[in-house]
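Below is one structure, written out as C-alpha cells; the observations come after it.
Every chain is named by a letter (A, B, C and D) in the order it is written, and numbering of its residues begins at 1.
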Amino acid sequence: MNFTRPHEECGVFGVYNHPEASNLTYLGLYALQHRGQESCGIVSSDGTSLHAHKRMGLVADVFGNQEVFKKLPGKSAIGHVRYSTAGASVEKNVQPIMVDYSRGSIAVAHNGNLVNAQLLKAELEAYGSIFQTTMDTEIIIHLLAISHTNSLVDRIVDALNRIKGAYCLLFLTETRMIAVRDPNGFRPLCLGRLGDAWVVASESCALDLIEAEFVREIEPGEMIVCTKDGNLKSLFPFKKVEPTPCIFEFVYFARPDSYIFGKNVYLARKELGRQLAREHGVDADIVIPVPDSGVPAAMGYAEESGISFEMGLIRNHYVGRTFIEPAQAIRHFGVKIKLNPVREILKGKRVVVIDDSIVRGTTSRKIVKMVRNAGAKEVHMRISSPPTSYPCYYGIDTPNRKELISSSHTLSEICRYITADSLGYLSEEGLVNSVGLENTGFCKACFAGTYPVAFPKPVLKPQMGLFGEEYSENE
Amino acid sequence: MNFTRPHEECGVFGVYNHPEASNLTYLGLYALQHRGQESCGIVSSDGTSLHAHKRMGLVADVFGNQEVFKKLPGKSAIGHVRYSTAGASVEKNVQPIMVDYSRGSIAVAHNGNLVNAQLLKAELEAYGSIFQTTMDTEIIIHLLAISHTNSLVDRIVDALNRIKGAYCLLFLTETRMIAVRDPNGFRPLCLGRLGDAWVVASESCALDLIEAEFVREIEPGEMIVCTKDGNLKSLFPFKKVEPTPCIFEFVYFARPDSYIFGKNVYLARKELGRQLAREHGVDADIVIPVPDSGVPAAMGYAEESGISFEMGLIRNHYVGRTFIEPAQAIRHFGVKIKLNPVREILKGKRVVVIDDSIVRGTTSRKIVKMVRNAGAKEVHMRISSPPTSYPCYYGIDTPNRKELISSSHTLSEICRYITADSLGYLSEEGLVNSVGLENTGFCKACFAGTYPVAFPKPVLKPQMGLFGEEYSENE
Amino acid sequence: MNFTRPHEECGVFGVYNHPEASNLTYLGLYALQHRGQESCGIVSSDGTSLHAHKRMGLVADVFGNQEVFKKLPGKSAIGHVRYSTAGASVEKNVQPIMVDYSRGSIAVAHNGNLVNAQLLKAELEAYGSIFQTTMDTEIIIHLLAISHTNSLVDRIVDALNRIKGAYCLLFLTETRMIAVRDPNGFRPLCLGRLGDAWVVASESCALDLIEAEFVREIEPGEMIVCTKDGNLKSLFPFKKVEPTPCIFEFVYFARPDSYIFGKNVYLARKELGRQLAREHGVDADIVIPVPDSGVPAAMGYAEESGISFEMGLIRNHYVGRTFIEPAQAIRHFGVKIKLNPVREILKGKRVVVIDDSIVRGTTSRKIVKMVRNAGAKEVHMRISSPPTSYPCYYGIDTPNRKELISSSHTLSEICRYITADSLGYLSEEGLVNSVGLENTGFCKACFAGTYPVAFPKPVLKPQMGLFGEEYSENE
Amino acid sequence: MNFTRPHEECGVFGVYNHPEASNLTYLGLYALQHRGQESCGIVSSDGTSLHAHKRMGLVADVFGNQEVFKKLPGKSAIGHVRYSTAGASVEKNVQPIMVDYSRGSIAVAHNGNLVNAQLLKAELEAYGSIFQTTMDTEIIIHLLAISHTNSLVDRIVDALNRIKGAYCLLFLTETRMIAVRDPNGFRPLCLGRLGDAWVVASESCALDLIEAEFVREIEPGEMIVCTKDGNLKSLFPFKKVEPTPCIFEFVYFARPDSYIFGKNVYLARKELGRQLAREHGVDADIVIPVPDSGVPAAMGYAEESGISFEMGLIRNHYVGRTFIEPAQAIRHFGVKIKLNPVREILKGKRVVVIDDSIVRGTTSRKIVKMVRNAGAKEVHMRISSPPTSYPCYYGIDTPNRKELISSSHTLSEICRYITADSLGYLSEEGLVNSVGLENTGFCKACFAGTYPVAFPKPVLKPQMGLFGEEYSENE
C-alpha cells in the first residue's frame, strides 16, 4: 500500500453559520462537480460534534436522498468533490477527512497537491504515525496534531509551514471554519456572503447557485478564520512569495461563468482564441470548437479572423464515466461516444478546429480524422495554450512526461501524428499577455518546466521510485 | 387504473443480423438518450426465443454491466428509450413490450401516440382483452393477435389499419424484424447498413455512433421487413395521405447532428434563427442562446443581424432528473440549477435571448429576470417557433391547453408576464419556408390547432373525460 | 418464450377494510415467508384505483422502506410470496398480477398450479389473447375477462369452471376482495377477523402475527366475497368433489405453529414421528432431527421409542439463497453450509436420524456421511412420510419423476445409496391414520401416483413435450 | 466525535498459506455470523501488499459477488464480523483496520474490548496521534507504530503490554499472520490446520465448515506467529494471570456445535438446564425453550425433571435486523415478529419456560404474556444463568447498570414484573459447577461485579463521563 502519485483535481466548498449549511454545501458541490466527478463528501458541525456523509459517485447520486441531510445537522459544513487517477481511487480516500485529536474533532477538505508528501509521510511514520489513507490531506492533520503550539490557528500555521505544494484548504471544527490558500495561490478560492453566513468556494459559480454575494477572492497565503461572533479574521501567516496561479484553470479547468484570479473565465478564454487567431491565422471556411471547453476560444478565433463560427461537432450530454466498450473495433470510439460531426457543415470545407490542449495526441488524432471523414477538405488544428511538455505536481491530473507528446516531439511531428494539415499552439507570451493578470505572473511549470515550488530530492526510499522518472525533469 | 394521457417522447433502435446486435442496440439507444431519459429496454432474438432487459433509468445505468448482455444473446435486437409524464411513469410501462400469442413471441417498440387508443381499448376490453400496461403499444399487439389473417405482415397491417395517430414501430419476432412509419410520417425513422446487418433508428445520429452507413429515411406509410435471407422488403400497405412530419423535431427535439425529413437539424435550426432576425430585428449589443437547443438559432440570428453572438448563459452539464430542492427560496431556482449567467458579458448590454419555444412562460420569465439581474440593460426575447397554443397528441409532451400561455394570452400579455422588453415569435410562414421541405407540408397542430389525424368523439366512458378538456379544442 | 412447468409454492394474504391494509399485508406475508422466498408483492385498493409494489426478493427487503407504503394507500390489500424453479423466476412473473379489463381493474394472487394451463393458453391464444407472463394466473384473468356473464362473481365462477388443478385465489378490485379455495382443497386457506376487517391467509400463523382472530378455514370449493357493507358472502358455486388436501403441508411445508385442515401442524408432525417409531423401531442411543422441519417428528419418535432426543445437527440460521460456492471440493458442501454436526453428541453413538422426505437422495447421503464422520457408530435413517415416487402437479416443487430416487429404486437400494445402516419410511396408512383428518382423505398423488384432478392428454403442441415424460405416469 | 462505550461482540477468522485464503475466510466468517451481524470485512495479503473489502451488512451480502474475491488476492487473509450498539455503528468502524506505518502495512481484526481505551487515547492524542475511527483497535495500532522496538513481534508485545481488557487479535502483514489471546482468555480462539495452511477462528464451528482439522485452542496469553517457512511459533510474552473465560459464551453467545474453553457448548448448555431443574424444580406439564439459544437448557431441564419437552414457541427464521414497525399497537410486537406460540400445545398447561438470561425484563414479560394468552394455566420462568446485575466491559453488549433489572429489583419484584407464576435463576455455584472447567475459573463480573481486569480511575476528561455512571460499580 504505497502512495500513488495523487494528482488530484478537486473542488471545495464551505458554509459557516447558516441553518441550511449542509443543504447549501450540497448545492455548492453540485456547481463544482466539473472539478471532480469521482467522489464527494460533506462534513457538518452542530456546534458540539461533527457529522459526515461521503461516497464514491456524483454529487446528485451521493446526496440524492433527503434522509442524508438529517444526518448532517448544524449550521456549518464543508464539502469536497474529487477526481483522482485509478490507483488511489478508493473509498477510504474520499474527502473531507474527519479525525479526533487532542483538542477535539476536526475535518479537512483539500484541493491541491503537496510535493513533499513522501518525505513528510516517511518522517511522520518514523515517529510512529499510522496512515489510513493515501491522501496528502492526512499528512496535514498529522502535522497539526503533533504541533506543540496551543491554538488551532497556530497549529494549522505550524503544519502548513512544513508542507510544500499547492493547496486550498477548508478546516471545520465543532465551532470554527478556517480557509487557507497557499502562498503561491495555485488554485482559486473565493469568499461569499449569504445573509449572516460566510461561504467559501473554489469557484464563484458555486456562490451564484446559492445566491451568495461574491465578496472577494481569498488571497494567496491568506488564512480566513470564521468564529462564533460572526466576524471574520484574515491572517497572512506565511512567508510571502510571488503568486503563481495556475493558468490552466483559465485554459480549461474552471467553469466559464466563474470569476477567478481577477478575471471572468469565459472572457479570458475568448481572448485566448483571439490571440491564437493573431498568431496562427489560416485561410479557412469555418472555425469549429471541440466542445465544451473549446467553445469560447473558437468564438474568439472566429471573431478575430472573420471566419465563420460553427458547432461542427455535437457533444452527447449523457456521457458518464462508466461506459461499456463495444466488442468490435468502432473507429475513433473513445471520441465518438462523446462527439459526433455534423457532416452537412463540414463537407467540402477548410476547417479550423480549436481545442484547449494536446496531451498524448491520441484524442486530437481521432478528432482530426473524424472531421476529415465527415468531408472536410482541410483540417487545421489550433490549440489555445502552449505545448504541455511537463507534468503538473500542483493538482492537475497530467500523465508522466514521456506520455506528453510535446515533451518528445516537434511541432511538425505532432502535426503529422494527429494527421492535421497544420497545427498551431498559442505562444507562452501570447497566453500570458492575453489573459493579462494584474500584478502577478502565472505558474508555467507545464509549459516551461520551471516549477515555482521546488520539490525535494528523493533521499528516502529511493527504491520506491519517489516521483519516478519525472523527478529528473526539473533538474 | 385508467389511461393517463400518455404523451410520450421516445426513441427506437433496431439491428437485424449482426453478431453484436444487443451491444449495438445499446449504443444506438445511448445516442438517442435525448429522446427519452426515463426508462429503456432491449429485446433480443437468438433465432428461437426472445430475451429482454428493461428498467427505469438512463441507458448507461440500465446497461452499465457486461453481465446484462449475456442475457441478451442473438443476432437481432430492438430497443427503446422513453420519457413520459409522472402518472404513467412506472416500471410496467417500460418498453419494448414482449408477449406470447398464438404464433409465438413478439416484441414491439413504439415511438408516438395513438389518438383512438381509448376507443380501441374499450372495444378490446368489451371483447375480453386484459391490459397490463397503460401504453398504446399494448393495444397494437392485441389487435395483431386477434387478426384473422395469417401472415405476420398481414396481421400487423390489419392491426395498424385500426389505429390512428403517430407511430414509428419496431417489431421483433424469433426470426424477423419489421419497421413501420405511420402514413403521416409524424416522427423520423431511418434505415442504415452495417456490413450485412440492417439497422433502423429514430435519428441518424444513432447510425453515426455505430458507424453504420445511412441508407435512407423510411418513408411515411412504409413498412420494412427484414428476413433471414438478408433481403429487405419494402411495402406501402396503408392508404396514402399527405405527410405531415412534426416540425418540432427541427425546432428542438432532434439532435443537431441528425438528418431527418431530408434536412440536417443544425442547419435547419440556424435558418430559423436567420428568419427570426429578419422578422424580429432589434437594436441590441449581443445575442445569447438558451443552451443547448437554442444555440444554432442564436448563431443564425447573430449572423443575419450582425449582432455579436455570446454564450451568456452557461449550462451545468451534470443536471440529472432527480434533484433535491433546497428548503429555502432561492430565486429562479429551477432554472438556476441548469443555467448560470456570465455577468461580465451581460452587464450593461442590450441582450437578445433566443429560445426555441415558450410553453407555460414560467421558465422564460425566470431566464429574463436572471439575465436582467446579471446586469443586462434590455432583454429582448426571440422565439424560433410560432406560439404554441394547442397541445400535441402525436407524441410530444405538452401540457393541457389551459396551461399553454399563448392559448389564452396576447403577445403583449406574454411579454409583460415574462418581463421582457420585447418579444417576437417566428411566424408560421417563416418557419415553414425557412425549413423548406420538398414536396411536403408539416403538422401545424400545436400552432394552428388543425390536427392532421382526427381523433374520435368521446362516445365511450364520457365520464372518464376522454382527452378531457382538450377535446373541444379541435372542434 | 414457452411455459416452463410452473410448480410453484406460494402464500397469499389479504385484508379488507382496515386503515392499515398494506402494512398488515406486509406483516402477513412476512409470517408466510417460508412458503416462497423468491419474490413478493402487494396490491392495495383505495376505493377507486389499485396500487402495486412487487419485486424479486424477501419480504423484509422488498418492503423494507417506509416510502413503499405511501404508494400503497387504501383500506384493502392482497399480497403474495412466491418460489419457483429457475426458468420462470423472472420479474414479470411476480404476483399479484394487476390488469385493466372491461369492468375496471382487478388484481389476483394465486397459490397453486393448474393442470390444464397449456390447453387453455393455446385456446385463448387461438382466439387472440396475448400473454405477458408465464403464470397460470394470467390464464384465469383472461377467462374472467372473456366471460359473457355480468357480475364479477359470475365471471370468476365462469373462469374457474374452466380451470383444473389446485388454487387458492385472492381477487382484489377497487371495491371488493374475493377469496376462493379449489373444490379439492389442495392448499390451506383461512379466514380471520381484525376489528371490522376481514383477513384471509394461507396459514393461521399469519393471523397470529397481526393478532387477528382465527374465524375458520375457508372450505374446499368455497368462495368468500367481502363487500363494502362489511358483510361476508359465502358461496359454493362449484361441483362438489371429495376434498383431497395436500398431506405434504403437514409433513414439511406449513409452519408448525399453523392450524390447517383442522389440525395443528406441530402436533400432527409429532404424531407422524410416534407412528414412525411404532413402524420402524430400532435399537439406538439417540434420535436426532434434520432441522428445522424434522424436529417435531424426531421428538415424537423419541417419546414413543424412549430413545433420547438430541439436537445433533446444528443449523446455520443465516443461510440465504445466494451462496458463492468455494472453488475447492469441500465434502458435503451443500449440506455443510446449512448444518454442522455436534461431535460430542454423536461420537460412538447409534443414531436415528429423522427427516421428512427423501427426494433425490443426495442430501440424505450427505447427512448420513456427515453424521458418521462425526463419530456415529450406526446411522439409521427414518422418514416421516412414504416414498415420494411421483411428481406433484398441484403446487409443490418436485423434480421430474426420473430424478425421484424412490420411483426407480428399492428400499434397500436407497438405503445403500445414502449409506445408512437402515432406512424406514412411514407407511401410507400410518401417515393417513396418524394425521387422522375427519371426514376427508388426502391427496396421495406423490406417493401413489393417483392424481385426484386428472390432467388432459397432450393433444396440442405435442412436440413441445407438454408435461414431458411425466405425462405417462398417470396413465 | 467521542468514544461511545464500544461494547462489541465480534468474531475473527484468519487463514495463512492457502491459495484460496480469502474465499475460506469468507466461509469462516459465514460460520461466525452469529457473533456479529452488523458489518464484516476481509483483508488479504498477496505477499507484497494488502487488499481490503469491508462493508456494513451480513457476510453473504457483503461478499455475495464473485468479483469481490478478485480484489482479495493472496495466500493469507484475516476477517472480522461485528456487532455494535447504534452510536458507533458506522462505516468507518468496520474491521479489519488496515494502515501504513513505518515498517509497511498492517491489518488488524479484534474481538473484545479494552478498559483503558480512553486513557490511552487521551495519552496518544496528547502526543499528537489522530484517530479516524472510534474503535479500540486503532489504539493498538498506534501503540505498535510508536514502539521503539524493532521486530514486529516485539512491537506487538510492547503495544499489548499497554492495553488492558479483553482481546483476541489477528494481525496480518505482507508476509505474516499473528494471533493473540489476552492473558485472561476472556474470549475463545482456536487453531486449525487445512493441508499446509494454518487457520485461526473465534469458534471451532468455523473450522468445521471449511473442513479444517481442529488442532487446539490458543491459550490465554499466547501469541501464535505464522511465518513463511510454514512453521508456527508459540510465545507467552505476557505476565501470567489466572484465566477468566467468559461464562456467557457458554450460556448463550457461542454456537452449540462449537468447542470452546475445553467443552462442547451444547452439552454445557444442557447441563445448565439439568442443574436448573435440580435447583428450581416445579410441578408442571411441559417445558418449553425460548428458541434458539434456550433449546439445549430446556432439553436438560426436561430430562432431569421428567417433564415433557415441547417446542411451544416457534421462531420465524426470516427475522432480519431491519423491520418496519406497524403503526398500530400490536401487543408484544417486538417478540411476536420473532416468536409465535403453538396454542394447541400450551392450552391449559402448566408451562416451564427456559431462557438463558433476563436483561431488562421487557422481553421476558412479553414472552410470559404471550404464553399465557395462548392458554397456559401457569407460566414458570427458569433462567439458565444467575441474575445479570453488572455490565460487561469485556466485549458483551449489555446495557447500563440501571437498565439491568436485577441490579435494582428483588427476585419477587422481577417475577411480578414479568408476570410469571414463579421465577428461578441458576445459582452462581450451580453454573460454575455444572460447566466445570478444569484448572480454571470464570469471569463472574456480570453476576458478582468483581471485574478480573481492573479499569482505571477517570483521571482524564472527567467531564466526558468516562464510563459514565458505571464506573462506581466496581468500587
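One rule holds for everything that comes next: a contact is a pair of C-beta atoms (placed from the backbone, for glycine too) under 8 Å apart; a residue touches a chain by one contact, two chains touch by 3 or more.
Because the structure is predicted, anything quoted here is derived from the model rather than measured.
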| item | value |
| --- | --- |
| Neighbouring chains common to chain A and chain B, by label | none |
| Chain centre separation (chain B, chain D; CA means) in Å | 61 |
| Whole-Å gap separating chain C and chain D, where each centre is the average of the chain's CA atoms | 37 |
| Distance between the centres, which are taken as Cα means, of chain D and chain A, whole angstrom | 48 |
| Numbers and ranges of chain A residues touching at least 2 other chains | none |
| Pairwise touch network: line, ring, star, complete, or other | ring |
| Interchain contacts (touch definition) - all pairs | A-B, A-D, B-C, C-D |
| Of all residues in chain A, those that touch chain B in their complex | 20, 23-24, 26-27, 30-31, 33-34, 37, 58-60, 63-66, 69, 205, 208-211, 255-257, 259, 264, 266-267, 292, 295-296, 299, 303, 308-311, 314, 316-318, 320, 322-324, 326-328, 330-331, 336-337, 340-345 |
| Contact set on chain D toward chain A in their complex | 1-2, 49-50, 97-102, 105, 121-122, 125-132, 134, 141-142, 145-147 |
